[in-house]
Structures are given as C-alpha cells and as structure tokens.
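To keep things clear, I will list the structure first and then write my remarks on it.
In order of appearance the chains are A, B, C, D and E, and numbering begins at 1 in each one.
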Amino acid sequence: MEEIKIGVYVCWCGTNIAKMVDVDQVVDQIKFLPDVAVARNYKYMCSDPGQDMIIRDIKQHHLNRVVVAACSPRIHELTFRKALAKAGLNPMMFQMANIREQVAWVHTDREKATKKAVSLVHAAINRVKWHESLDKRTIEVNPATLVIGGGVAGMSAALEIANAGKQVYLVEKSKKLGGYAAQLDLTFPHFYSARQLIKPMIRHVEDHKNIRIFKPMQINQIFGYMGNFQSTLQLANGDETKLKFGNIIVATGLQPFDPSEITSYNYGKLPDVVTSLEFEKMLAKGRIETCEGKEPKNVAIIHCVGSRNANYHEYCSRTCCMTALKFANQIRSALPESNIFDLYADMRSFGKGCEELYTQTSRKNVIFLRFDQQNGLPEIRSTNGEEAVSMLIEFTEQFSKEQVEVPADLVILMVAMESHADAKDISHIAGISMCGNSFFIEKHPKLDPVATTSDGVFIVGTCQAPKDIPDSISQAKAAAARVLATIHVGTIEVDVITATVNEDICCGCQTCVSVCPYKAISFNKEKGVSEVNEILCKGCGTCGSTCPTGAIRSRHFTDQQILSQIQGLLSPDNKFEKM
Amino acid sequence: MDFEPTIVSFLCNWCSYTGADLAGTSRMKYSPNIRIIRVMCSGRIDPTFVLEAFKNGADGVLLCGCHPGDCHYQSGNYKCLRRYNMLKKYFVQLGIRPERIRLDWISASEGKQFANLADSFTETIRHLGPCKIKNVIETYT
Amino acid sequence: MAERNERPKIKLAVYWGAACGGCCVSVLDVHEKLFDVVANADLVFWPIALDIKYNDVEAMPDQDIDVTLFNGAIRNSENKHMARLLRQKTKILVAYGSCAHLGGIPGLANLSTKTEIFDRIYKESESTNNPNHTRPLEKYEVKEGTLTLPEFFNDVRTLAQTVDVDYYLPGCPPQTERLLEVFMAIVSGDELPPRGKVLGATDKSQCDECPRKKSDKKTIKEFHRPWEINDDGETCFLEQGVLCMGPATRSGCGHRCIEVNAPCRGCYGPAPDVIDPGAKMMSSVATMIDGDTSETIEKILENVIDPAGYFYRFSMPASILRRKIPENLQAQAPLQK
Amino acid sequence: MRTQETTGMFLYHPGNGHLDKLNFTELFAYSESHEDVAVVWDSKTFPLWDIEYLKSQIQKYKLSRIIIAGYDTGMVKPIFARVFSNLQLNVENILLEDFKEHGILESGNTELGKALLSCAIYNVALEDILPDEEKKVCTETLIIGAGIAGIQAALEIANANHKVHLIERTGTIGGHMAMFDKTFPTLDCAACILTPKMVEIGQHPSINLLTYSEVQSVTGTPGNFKVKVLQKARRVSLSKCIGCGSCAEKCPGKARSEFDVGTTFRKAIYIPFPQAVPNKYLIDAEACRYVQGKKCGVCVKNCPVPGCIDLDEKDSEIELCVGNIIIATGFKTFEATKLANYGYGSFPNVLTSLEFERLTNAAGPTEGKITFRTQNKKGDWIFSPQSDSPERVGIIHCVGSRDINHNQYCSRVCCMYSLKLAHLVKEKIPDAEVYEYYIDMRSFGKGYEAFYERIKSEGVHLLRGKPAEVRMDENNLIIRSEDIDGRRLLEQKVDMVILSVGLEPAAGSAEIAKLCGVTTDSDGWMDEANYVTSPVNTFAEGVLIAGLCQGPKDIPDTVAQASAAASEVLQHIVRTSMRKNIPELPLAEIRTRAKNLSLKMEDRK
Amino acid sequence: MSQRINPELKKELLKFGAKDWNDCYHCGNCTATCQLTEREILFPRKAIRQAQMGLTESLASNADPWLCYYCGDCSDTCPRDANPGEIMMTLRRYLTSVYDWTGFSGMLYKSAKAHIVVMLVLFLSVVAAFLIFGGPMITELTSDGGVRLNTFAPAEIIAGIDHIVLLTLSFFLLTNMINMYYKVVLKDKTVHIPWYLYFTEIGEALLNFGTQLRFSKCNKSRMYWFGHWFLMIGYVTMFVLIIFFLSWFQTDNINVWYHPQRLIGYIITAGFLFGTIFFMIGRIRKKKQIFKHSHHSDWIFVVLLFLVAFSGILIHIFRINGLPFATYYTYVAHLAFEIPMVVTFVAFSKWSHLAYRPLAIYFSNMKKKTRELQLKSKLSVSY
C-alpha cells in the first residue's frame, strides 16, 4: 500500500471562523499527527486561490488525501472534491471538518471552540486515511416524465415538457383536470378569467400527442431511481399498464383549511358564514346570496382564517389577501349598493400590480378594518332575526383600538392553504421529505426551490408552499427546465456512496433485504448471498449497520472510517480536561 | 473547574445535520461539548459506534435523526430507535446510566431545537459526571 | 510418510487457563488420530496429561516449543504468568477455544465485580456454609512458610489481551477435525497463514451452512425461548422469534447445535471484520423488531431479559466495553427531572 | 361556437387613459359588422349600472352569450353574471377578452384587437389558430445580466449542453446577491450559497462569460438574433492576470467602491470583491491617472506578468448570433435622497439598507462590525472598523415604496430583509435596541412568518407607523412617528437609521427593453406576456425575462423564474420552431381559421 | 361596549365635502408629520379612522379636528393621496352641524342650493328693510362733510338691530358650544376633569384665540398664519366695533386720516382684503394642498367677506369724496352682504370655528392634564 500523505487546510472564512477559532493553533496541533504531510490555513479556502493552493500542494507534495476544515460539507464538499479531481486525485479522498456552522458560529468560548475544532480536524484526518477511490458512473435517462397532479402547476409542467417533444404521463386523482385553479372565477390582480385561462390549458394537455393522461388514477408505488423509474397503474378496465419514466414532477396541490375548528367563527353553524372557496363558486354562478337566496346588504371578509396563528397554521397562506381584494371588487360590481367590510391583519399585497389594486379597492368604498389574532379572533354571532342584519362580527379594531361590531349578512372566511392530504402518501411513494406543516421540503430554499433531496423528483406549485398561479407556473416551468436538461443530456451521474456486499463473507441470512427501503438489495439464491443494486441504492447505510457479519460495507461511511473518526474525535489531547 | 463532558453526536445528513448547520447559520449558541459525526441516515448508526465512543472516553452519546415519518430514507430512523432501545438495556447491564445515550429527532428546520437539545444533554451528562468505562477498561485489572 | 518421518518432530504444549477443561478433553477427542499427532509431535507440556512442572517449562530455552495450544481465559495472576511464560517459550501460540479466543463463558464474570463474585461464592450462595467468613487470601503465613494463592484479577481477559497470539482456533470446544487439520497444516511445514488469523473456521457465518430455511421476512413480533415455540425444525430460528447468534458467528463447527434444534450461541466468534459481534447482533436483531414507537419496541424487548448474557455469551471480555463498571465507580447522581 | 347561441358584445373601456391608443370606434364598427354578433354596446354610452335596463336589453336581443372586451373586463363581469343568473342563462357564456392580457394595450394595435375579438366570438384562443413556423432556431442563448437570475438561467441551459453567452455590465458576476450578508429567512450567508454557482459559471465549458460588456443593438428575427456587444476595455488581460494584487498595492488612483456601495474606497485598478468571477483585475478609467492623461503606469511596473496590463486598450465590439434572449437586468435601489424628510445624505448615520448590508458583511469595509459612518483624515465619510457601534438602531420600512409620491408598488422584499437586518444588529450588538417602523408586515413566503415571530421574540421593537421625519439634535437622530399600536406619538432617539429602500428597475433596463422589443409598465418593470399564465415570456417572441426586471421579488422566486425562462429557451431550441407572428396573418384569414377551429371543436363534442 | 360600524356616515360626509375619505391605509404618516400632535393627542389619523368606520359617537366627542389649522403638510406627504387635511376640514364642517342642535347648519353645509337661497332671502330682506324703513337720503353738503349716513341709517338703530342679531346668534352659538361641551367633555367617560383645571387652562385657550400661536407652529411658511390671523383680527375688531361702538365708528363727519377711527378702519380693511384675496387666489390656483378642495361654503364665505370688505371700502371712498347716493346704495349693499354672512356663518357655519377652536384647545388641554393626573395617581398606587 502506498504511503498515506494527507494535506490539511484550515479555512478562516474571512472572520467567520477565524474570529472564534484560533486557526493557527489548529494547524500547529494537527501538523504533527501521523501521515499529515502538509498543514496550512488560509483566508478563503473555497476561493480560486484557496483551491489552487490545494491543487498545487497535491502536485508538489504528492498528497493522496485532503482534509479541509471550513464550513459545512453541505456547502463546499463538492467544490473541493472538484479541486481534487482537477489535481488528478480521486475526489473521494477528501474529508471536510465543519468548523464554521458547528463550531465558530455556535460557540462563544474561543479556547474551547479551538479545542473542538482540533478534535474535528483530528477526526477528519483519521477518517480520511481509510478513504478509498470511488469512481462516478453514469446511467441513461428515460426521456419520459411522470407528472403527479393535474392542476395548473402539473399541467404547465406537462405542457412545457411535452412541447419540447418529450413524453409525459400525467396522473390525476380526480376525474377532471384543472385542480383548484379551475374552481376560481377570476384571477388577481388583473381579473382575467381563470376559467378561460385554464380551459385552453386543459384542452392543450388533453390534445397533446406527447401527453398521456391517467384519470381518475392513484399512484400506489414507484420503483426505480432517478432516470429509470417505473410504476404500474391499474386501469379502470382492470388492465395494468407499466410506465417507465426518468423524472417525476409532483404537483399534488393544496386543500383548503377547514374553518369549523375555529369556534369563534361559527362556520358550519351559521349558514351565511362561507369559505373563500364556497364564495368562489357563488361568483362563478353569478349569485352572491345568503342562504335564503337574498342579495346581502352587508358582506364581511375575514382574512387569515387558519393562517398566521399558532393554533392552526403559523405560516401565511400568501394568496388570501389578494383574493379578498378580488372578492371585494367583484362584490362591489355585482352589488353596487352593498357595504363591504374587509377584516385583515396585515395587508399583504406584495405582487406586481397588487398594491395598486389595494388602493383601487379602497376607493371603492370597501371598509378595511384591522384585527390582531394575538388579541383574540373576531366573534361572529347571529342576531337571531332581531335586527335587519343577520350577523354581527365583534372585535377590537386595531387602528382605532375601538371595540366595534360589524353588521354582516354574508361572511367570507379566507381560509388557509394546506398541503393536500394525499401529499403524505406521495411523500412516501416518491421519497420526498416533508416539513412540519406537511409541505414538501425543497432541496434548497433559495437556490433549488423545485428540486428535492431525491434526485429526479421535483416539486412544483402549492405542494411546496402556498403560492398563487403565476408563481406555481414559474415553478412548474423551472422544474421542466431541470427535467429537459437531464433528458437532453441523456445520462446522469450516479452517486458513489452506495452499499456493497462482500460475497466472501455474506452468509445469506437476508436480514438486509427487508431492511432496504429502496428494494435495492436482493438475495441471489445461486450464490447464496445478497446483492446490492447500486443504482437503486441511495447510500443510507442502514443495511451496513444491520448486517451481522460485516459483509455489507457502506461506501464512504464504512465502519472503519467512522470508528477511526470517533477515535480521532476523542483523542485524549482534544478533551477539555487537558486545557 | 466544572466537569466538562465530551459528547459524541451522530447526526443524519438530511435532517439533523442540516438542523445543526441551521443552528450555526442562525448563530444560535450551544455548548461546545457536543462533537458531531455525520452519517447519511440515523439507520446507519451501528451500536458498535456508540460502544467505541464510550470506550474512547465519551461521557455521552447523542443520536439524532429525522422525525418519525420524515426519514429521508423512509424508515432508517425507526431502525435507529429500535437499536437505541436495545442498547439502553445492554447499558443497564454494564452499569452505564442509560441516560448517557439519547436519541432525539431534529428536523432540518429545527436549529433552535438542536441547540437546546445540545445544551440540555450536556447538562444531563455534566450532572451525571464522567463516564468511567474508559478508565475501568484501561486500569481496572 | 517416509518423507515426514525424516522431519524432526515438533514440540507441542497444551495449557489451560481459566477454562472448564473441555478444550483439553477435545484434544483427546482426536481418538485414533492421536497416533498421527504423536507421530509428528512430542508433547512437552500438558498439565492434564503429563507431569511436567512450571519450573521445567521455565527452564526451557526461549522459543523451544513449536506450538502451544492455550485454552482458557486469563482470570488470575497464574494464568497471566503462564501465558507470558508460554509466549516466551513458544514459536506459535494458538488461542485454543472460545475462552482463550474471546473470553468465553468465564468472561461473563466481567458482568460482576470481584467483590460480587467473592460475596456470591463465599457468602451468599445457597450451598455456602462459611460462618467464619473465610475468604481466600493471596498470602498466608504458616509455620512452614508463606502460602500463596494466585491473585484473582478484577476482570477476565482474553489471551490476546494479555500476550501476542499467533492464531486462533475458536469453538467451545473447537471441532476436533478442525484441530487436526490445523495441526497437520503446521507440521506439514506448508506456508503458514498470516499471523493473527482465525483457523479452523470459515469466513462465512453459520447461516451459510445452516440447513434451516431462510427468507427475508425477519420481523420479530415477540421474542421466545426455544422451548416456548413449536419449532418446525425447518424455519430459521430468528424468523420464529428465537434468538440465534448464527448470523454473527463463523461457521466451521458443523452447526452442531442447530443440528439438534438448538439455536447457535456464538462460540465460534465473529466474522472476520467484526470487532464486536454482540453489538452487531444486537443491531441486527433490534432492526427486526416490529415496532415503530418506543413503547411497542420496549414491550417486545421485555422478553430479551439478558442481552449482555445472550449477545456476549462467549465474547464479553473481547467486546468493546469488556465489562461492567463496578458499582463504586458508577455515577450516582440522580437525574434531574 | 354553438350555432344556436346569440352573442352580444360589450366593449368596456373605463377611460382611464390606458386604451387611448386603441381605436374603439373601429373596434365597435368591426364588431357590429360581424355576422355572428347580435348587438354591440359601448361602455361609454351604455348605462351598465342600471341592472333592469341591462336585463331588458339581454331579453330584447335574446342574448345567450356575452363577450366583454376591453380593459379591466373582469371588473364588470360580476354585473353580467348577476343578470345572467337572474335570467337563468348560462353564466359560463360570459367571456372576457382583456386587451391587456394580450399586450395590445401598450402597442395600441387595433388590428390585433379585431383579431382577438374575432377569435373571442368563436371562442377560440388566438394562439391556437396561429400556425407554427418551422424555423432554424439558433441554439445559442444570450443572457443579459449576471445576477442570480442570469446565473441560474445560464446554468440551467448550459447544463443541457447548450451554448450560453452571459453578458454582465460590471466587472464581475453575482449582482446584488453577492453584496448581501445573510439571506432571509434561513439566514444562510449569501456568498456561501452564491459563490459555488459563480465558480461554476466561471468554469462551465458551455458558458461564454462576457463581463464589463453591454448590449449595443439587437437585430434579426426571433430564433436568429444578431446582437452587437460592446466590450469595455478592462485594460487588464483576462487570460494573463493571476489576481496577485501587486498592481493595486501601489496604484495611486482611488474611487469609491461600487461593490461596497460607496461606503469605502478601492483603487483604480481593482477586483470588485475577493470572490469575484472572473477573479481578475480591471481598471476604472475614470479613476486611473494614466487614462485621465496624467503621468502614471505604476501598475504596469508592478505587474509580474509581462503584457498583462495594457493601459491603452480600447473598447471593442463583437457580434453574436443567438436564438433566444433572456433579460435579467435586475434592479437598483430607490434613491433615498429623494426623501428629504429622512435626512439621507445630510445625516451621515442615516444609511440605506444596501449600505448596511455591506457594513454588516464580514467581507465588507468593517469586516462585519457595525459601526458609525465617520470621517477619515481627508474628510471623506466612510465606514471604518475603528469607529464605535450604535446602541439604538431604527429601521424604516417602505422607503420609496407604497407611496404615491414615489413608487406606488410594494417592493416585496423590504419587510423581510428589514427583519433580517434587525436580527443582524441584535446578533452583533446584543444590547442594542432595534426599532422597526412598518406599515403592514409582509412576511408571506415559506418560513417567513416563523422568521417574523422569531424576530419578535428576539426583543426587536416592532412599531406600526410610517415615520414622518428623521431629524437630529446634538447627539441623536430622532425618528418621529405615530406608534399606532401603542396609541402614542413617538419621538425615538436613535444612533443610526437604516432606510429600507424599495426597488426600481436597473439603470439602463429601459434601453435594453427597447433594444429587445420588450414593453415596460409605467414603473419601468418589463411586461410579461400574461401575468397569470406566462410569467416569463414577453410579447417579443424569443425574448424572455427573469428575475427583478419583471418586478420586485425575492431570491427563491427569482431562481424559479430564471429556471422557467431557461425552460422556455430549451423548449424553443428543441422544437426548432417558433410561432408565426400575429400581424403576419390577414384579419379575414384569422376569422376563417377561428370559425373553422370552432366548428371542429363543436364536432368533437 | 362595542360601537356599530356605520357605513352610512360616508354618504353624509361626502355632502360635507369629503374627498378620498377611504383612501387612508393608516400608515400614520399624517399624525407624525403634523407639528401640532402631541404624545397622546393624535390626529388626523384617528379621526379619519372614526370617520371611515362611521363611529359617530366617537367622532362627536372628538375635538381633534378643531386643533388642525389645515397647513396641508399631511396631505402633501400622504403616501396614498388620502388628503387627511381635507378630511379634517370636512370633519370640522360635520362637527359644526353635530354641535348645532337646530339642524340649520347641516342644511347649509349639505346643500349649496339651500345656502344660496338663505343668503338671497336675507340679502333681499335687508334691501327691503332699507326700502321700507330707511331714512332720508340727504344730499346737501354741510360744514361737517358730504354725506349724512347717520340720517339714512342712524347708527343707533343699526346698532340696535346689531344687538338683536348678536343676542340671537349668541344664543345659538352658546347653546351649540354647550352642546359641544356636553359631547366632548361630559360624554367622554374616560376622563373626569377636576374643577380647578377649568380655570388654569383657560389662559392658553384665550391666548390662542388672540394670537393663533399654535397655527404658527404649523408650517414652514408664516404667510398662512399671518393671512389667517390678520383676517381673523380684522374680523373680530370689526365685529366689536360695529356691535358695540358703531356710533363712534359710523360718523358723518370725516376725520383726519390719522384719526384712530380711520386708522382702525384701514387696518381692518387691509386684513379683510389681504385675507380674502389671498384665499381666493389660492382657491382658484389650487396649487397648495389647503386650497385644492373647496366646499361651496368656502366660496360663499370668502366671496361674501370680500364683498363686505370691498363694499366697505367703496362706502368709505364715496363718503370722503362726498358722493351721497353712491354711499347710500353701497351702504345698503354692504349690509345686505354682511347680514347674511353674519347670520349664516357665525353660529352655523364657518365662522363658528372662531368659538369652537379655542374651546377645543381648552377641552383638549383639560383632558390632557386630567389624563396625566390620572396616570400619576395610578403610578403612585402601583409603585
């Protein structure tokens, strides 16, 4: 075996790290460790000069392992691996010690932070000794795409891809395409007809030669991996059809919040308290009326129903303010003599043309009243027929701090957007993580808002977070771009961090087979050993820690690597007692 | 000087490690006694690692994974939970306080929770005092 | 045959440390093959069979003995002394049997402290009649001089933890056929395997040879003792909820236990790269538990009464943590609520 | 269209000036002469608010279908819907034909208006009757502006192995995002997440990066644009410069650093910022003594690479041929001096948010220490790490936004970035008091509300009420505002005021829009083809918009939009076809096609 | 107790001249801009909110609109062009009608037609009275001077009529003021004003009445204040002169130019002319915020005032130049302008702010002091 030569680089990250960690001391302490050939610190390791320094050292000092102590590997591991590759070293011969997010930024005692940094670097040095060269492989990408959900986001994505000449399978759970947007009357802020926008879209999707629609249809299972997924669909006539596709776009959409759990609004008890969606239907029918079929004289709109409230949903549903303004305008047109009251918390008319609509709406005699959820929700109560008006909404108006009651014959609750109930199932089927409020988690909230941590699976529209139609469409197209790019290139690189079975040791107990969530392990009866499909394998390593014989190695996370890391981490020199 | 425990923490890459990173990017302060090792999934955490940590002088071991149902690999965290329960039984037999290992769920968005967990666990261990197993192995013959 | 006779006989020693003696007996189990052994080897030291004193061994030149089969663990100063002595005098030191290899059954004593053991034996056991509370003393002065007893160590160690070991021959006791094979290999003068290797066993685990049917449905809803189930004699023990160390144990024993419908207990020790077979098996078995909440898991685990005794039956001293922390060293602080 | 239906047409033009360009008399005449229209009403003469009259008219003409055409048509739709539903007619037969939706409002193209009406009458979409035109689409793409939007779009396209020309006006890519310290709501450091992308751009084999360049002219047709690009003289060779910095050490020329928004100085030969891509020096001609005609040349002497610096280099021009253009010109911040009452420009420690971003940035002039702006020996006001730190900081939202006297629109990001700045102050100076003055708190995005709650819990004083003025007594800045929730008038003494300035289209974006044939709205933001369905397309075929040039938005929305624009480009490239331009078809042809298509759709049912 | 939101109030306010009454989105800029607001005296926003919501009770007890002198700063800087200054103006008109228990005020304000008709009737009545009761128009020259105005319209009789008018108007104005007191002070249950404050706080109110010092705090330009003050002083002096000293003021003999009678007359006239012309030009040009929106009462008021002043000047010129008929006719016209103005404006319309504003300052100050006292006593209890 060749002699191990490790280069260790400690980054200052400007002052980010250097402020809390004595980088010089870190270097001093680890440079005498066995196998460390070079140890340096530098202002910005990730910068071009920083990377060049590593490359130069690899060439000059014949380094074969590199450790960089800097930020989180989630940020720059790839950057440095690329640098290693540039220098002709296998990129996996690299280990990062996270001394920024997990040391410099979270600790206040410089001495202890430095000590901890040393221990992390020591651990990384120990670990990197056991690293092995792993080579990337590529696999073919199936050019077809599966789109789950036939709402406006799903359809946009489907059209975008189909228009580029690629096959799309569109699966919709209900009988109709169009989703939530198809139930809307007009859009904000320009009052275009939602129906007229969605209908042609549905027609284009239905007529498209590259789109195959399955509806009503539910996806129960998806096998495979990025580039080569497959699923079997049960057709209505009892037949089965097997689909193969390379990418998945999930657009499961939203469901409205059920306001009946908010007692003070009496939804469900007072017949003239309706949700925004119910009111939308009234508008589509052209009938704004109370349960008795009368045109209401007083209409009240209440914002933030189920949103921005820790008891229901902490998040803002993003579209309700504008929808409420749209409603106010529509009511004003249909019932010019009516009184319109708009009870809001903060008016969030942030989009292009939206603030202007807010101003315009003010000028149409819509009375805006502000409530504050922290000080109690408005109470809707019935007048029990004792007055001309059927209901009164009582609350403290926040601009005047006056306790007021608002007369209302019809109350519209602007209900929150929730992730669709089906999203939970889809998250399991497609392997997407969910955050606490059931919206899917994107790969990166800023720079990768449509990708997920599962490669080849994208999320678009309201299943990611509440948003309006244009934003959903932007996202759909963004996902389509990603999909088209992979299809166009035709191949994708497979991750090298997978499990592998040592057939000389595997005894065929098959414990691992059932453990794998991706069905990547199968039992080879002939050989009497388990085998890993390395494309399906996502490298979680669960099998590795399940295998009682140690036959399964989790590449790049081997027992040996982690054990050495632990030993480095706990090397007596690195303990606080030694201070 | 107060006893300064050394704690090894195994975090899954997707939720907990990201959560710990978030604690960092949000500059939440927590105890420096926690030293983190990243694994892809809490399901990768082998009891061997925990034992090795104690053998090398850890005073406590913190395991973190995604919340139940949220595992990036679907079910790795459940496997971790089962092993954790088994290990605790074993630890009782070894005379090691089972409180010295802790499994908790930290999601990618729970930077604050991670910081709090790190602090509270450090306090627990500080309170329990040093784990003697390393000394016992090395010196008790 | 003729060729072999030209070769000088090797010098063979057999010694037992903390052991039951079964290993020594297993050497005798070679039956008529003993003649082959004797034809090739001179037994220079074997307390159970030959009257050769420690002094005699001490008098031997270093590296005089070619092969020593050391069985038993290191429990006391005598064991330790002899291990060191034999190491000094022997070219090839073989840890023979589970006790020497991993600590074996005596190793389970590591789950108790010395005091606990003495209390149990000299005070608490039902058959003890010791009104004077007599305890063994290492030194006792009598008229004739000083009587000594070996020092009883705080814990049991494996042979390898005491001295360098060249090869291991696992088993409780090792399969006699394996012994012969190994012995013949040594005497034949063929190139020896690399030092530190486990001999007389394969790299694969029991399951590889196990005649029972195995599937990937290893989900455990409830743990059972072997007698609690209606064993069909065919299905994998684990799949029936019976703990079996087979997956984590090297084969080579000829699956003798399984043959008689008893689950494997792990005497052959771990597969090649495994440091701590108990931990591996704990992990593996725990993974099979059918429960996703702490409560259900704990409920199922209730039936695993003695995990240390089960998963570390033969390997406690060789395991990562080796032993229990004595009570007086345990942290006493109550937990804050 | 179903033959048994009788169609009425209502031309709605509320007369707010928008439709002045369109000739409504002509449109009226055209509709009236149309064989399939029973009656045409003009909103100028029709008493729309008289419901009973409307009812009687509908009954009189036996209308079963109404087309409302014009501007803001949705606004009057509910009136018709109400009447239709009263008359038991099918409300779905009320159709809107909004001219704004099709962009003919700005252009005033009456002919196109007629075409649209024609299609509306037959209930078909205009784009459905336009034939696709096979065209050789050049696979190369031009992206104007290399901020995060341009970077994202470039990477998306380049990763599909198509050539991208990325043009940036300044010396480095990165745009505004590179200047920020942290990004909301996750508070990850902007540079940390952006620099990897920048590096990727710099290294990508399919990206031709043209920094310090500007678009001169755009000619040709969609799919085959000819673009002239002016490459301003960097005076330092991109290929030879090793970025060692020896030149800048001795350079006597000085200028305020653009990257630090003028809060500190840089040399005449400079790298915009340490992580700049390309990480090469350039010379600011206006600050360079040599270029300004004085005797100098120190940089040439100090440069270790022979021939690297050429002080006499001249601007050059290159021509590109591209199939698609993505405009990502971004924004500039509102000029805070316009609001004299806040004292920006008079009081040194009234800062704009962008200045504060630099101040608090670890790579900024004070290495992240929040300090007062002080005068240096020469009397220039700069940030220096030696100065003291403020103890009380006021942050004023909506500076220049939501104000009819300045920009009526909401700048969308200020609330969140202000909360972030408050957090940064609290983090760096834990004892500091932070006062935030807002009107409405717009924390609408994913995780934003939680961030708002967090800032509240950090002890930042959140005050509802727009301050009227910032004045100064001997030692303090005083912010006068109504504390609406506290029901009092507040004169808060602070040491530093941060003005959360709104966003405006970048300087020069109007020219770019004009060059590319993209229309802009009255605020200068570029018009998308359809606000709802085509947020990245423009009315100019083959020209797409991404990011802030379309309107204020945050980073995730910008990134999504940039990717969406890339998707449109990829689609064009793959299809190698472009839709025929509308004006190229004669009106009669459109009418026939619309009718035929409508009949075809009828048959299908 | 919660108050019912009353959307009908807006219709009322529109008639009082409200513009953009609902544009305000409550950013608070106006309140902060206004130099007259104090820690707890917050306007215009609060009053605007009450108006938007139609909280008639709160509005009636709110004296804040009277504290505003309409400098227009708030409207100039309003981010939504909501015209807070104009809404305050409207509210003052509205409040005038609220205090006026006769309802006459509301009628005049809400209907330009009614206002003009009332004016015409009064105008014609004055002319008719002169036709019927007027004295002889003597044209012969005497040693004292040219024109014998006192024979045509004897000062005593005119003064007598003045007194009757005064008494009547005072009755209405006083009752309205009491009404205001009732609504602003008594109905406000949150404060209970201690008796001594009634004495201590009166000084500032009177001072402001005389100097309008508060207005001078308002604006960067002193011109408004001066124009307003000058007009007011002119008016008040005239009022006092013609009511109480008419016989001294209205003489047949012509005094030397520096005689106090003439000097005072000139000053009053100058004040009138300056004020009315300043405001008329402003209202025509509509450049400044304060002049952008004019209610019919504003025009009637300023035009009448101008006509009164102008006719007064003419009388003077005619008289000193010995043009008897011109003097007599102009005198009739002068009174025919003046009487309607006094009758309609003093108690029921614009001029009544002369009384309401100092009262509002008086009430507000008392309330403020009371609140401070209450706060102090609360503090002393809790600490």
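One rule holds in what follows: a residue touches a chain if its C-beta (ideal position, glycine included) is under 8 Å from a C-beta of that chain, and two chains touch if they have at least 3 such contacts.
Since the structure is predicted, the reported quantities are computational estimates derived from the model, not experimental observations.
K.L.:
Which chains does chain B share as contact partners with chain C?
P.N.:
Intersection of chain B and chain C contact lists gives A.
K.L.:
Closest chain to the protein CA centroid?
P.N.:
Closest chain centre to the overall C-alpha centroid: A.
K.L.:
Using mean Cα positions as chain centres, tell me which chain lies farthest from chain E.
P.N.:
It is C whose centre lies farthest from that of chain E.
K.L.:
Which two chains are joined by the greatest number of C-beta pairs in contact?
P.N.:
Top of the contact-pair ranking: A-D.
K.L.:
Any idea how many Å lie between the Cα centroids of chain A and chain E?
P.N.:
Chain centres of chain A and chain E, defined by C-alpha means, are spaced 66 Å apart.
K.L.:
Measuring from the mean C-alpha position of chain C to the mean C-alpha position of chain D, what distance in angstrom results?
P.N.:
Centres of chain C and chain D (C-alpha means) sit 75 Å apart.
K.L.:
Could you tell me the distance, in whole angstrom, between the mean C-alpha positions of chain B and chain D?
P.N.:
From the centre of chain B to the centre of chain D is 47 Å.
K.L.:
Measure off the straight-line distance from the CA centroid of chain A to the CA centroid of chain B, and report it in whole Å.
P.N.:
Chain centroid spacing, chain A to chain B, equals 27 Å.
K.L.:
Which parts of chain D, given as residue numbers and ranges, touch two or more other chains?
P.N.:
Residues 186, 188-189, 402, 404, 447, 484, 487 of chain D each touch two or more of the other chains.
K.L.:
Please list all residues of chain E that touch 2 or more other chains.
P.N.:
25-26, 45, 80
K.L.:
Where in chain A do residues touch two or more of the other chains?
P.N.:
347, 359, 399, 515, 542, 545-546, 559, 563 - these are the residues of chain A that touch more than one other chain.
K.L.:
Chain pairs that touch, all of them, please.
P.N.:
So, checking each combination of chains, I get A-B, A-C, A-D, A-E, B-C, B-D, D-E as the touching pairs.
K.L.:
Which positions of chain E touch chain A when the two form their complex?
P.N.:
On the chain E side, the touching residues are 1-5, 7, 10, 20, 22-26, 45-46, 49-50, 52-53, 55, 58, 80.
K.L.:
If you look only at chain B, which of its residues touch chain C in the complex?
P.N.:
Within the complex, chain B touches chain C at residues 46-48, 51-52, 54-55, 68, 78-79, 81-83, 85-87, 89-90, 93-97, 99, 123-124, 127-133, 135-137, 140-141.
K.L.:
Residue numbers of chain B touching chain A in their complex, please.
P.N.:
Touching chain A: residues 4, 6, 8, 13-15, 17-18, 20-21, 23-25, 27-30, 32-33, 35-41, 43-49, 52-53, 56-58, 66-67, 70, 72-76, 79, 83, 107-109, 115 of chain B.
K.L.:
List the residues on chain C that touch chain A in their complex, please.
P.N.:
203-208, 214-219, 236, 238, 246-248, 251, 270-275, 277, 280-281, 283-284, 287-288
K.L.:
Spell out the residues on chain C that touch chain B in their complex, using ranges where they run on.
P.N.:
Contact set of chain C toward chain B: 111, 153-155, 157, 275-276, 279-280, 282-283, 285-287, 289, 291-294, 297-298, 301, 304, 306-309, 311, 319-327, 329-331, 333, 335-336.
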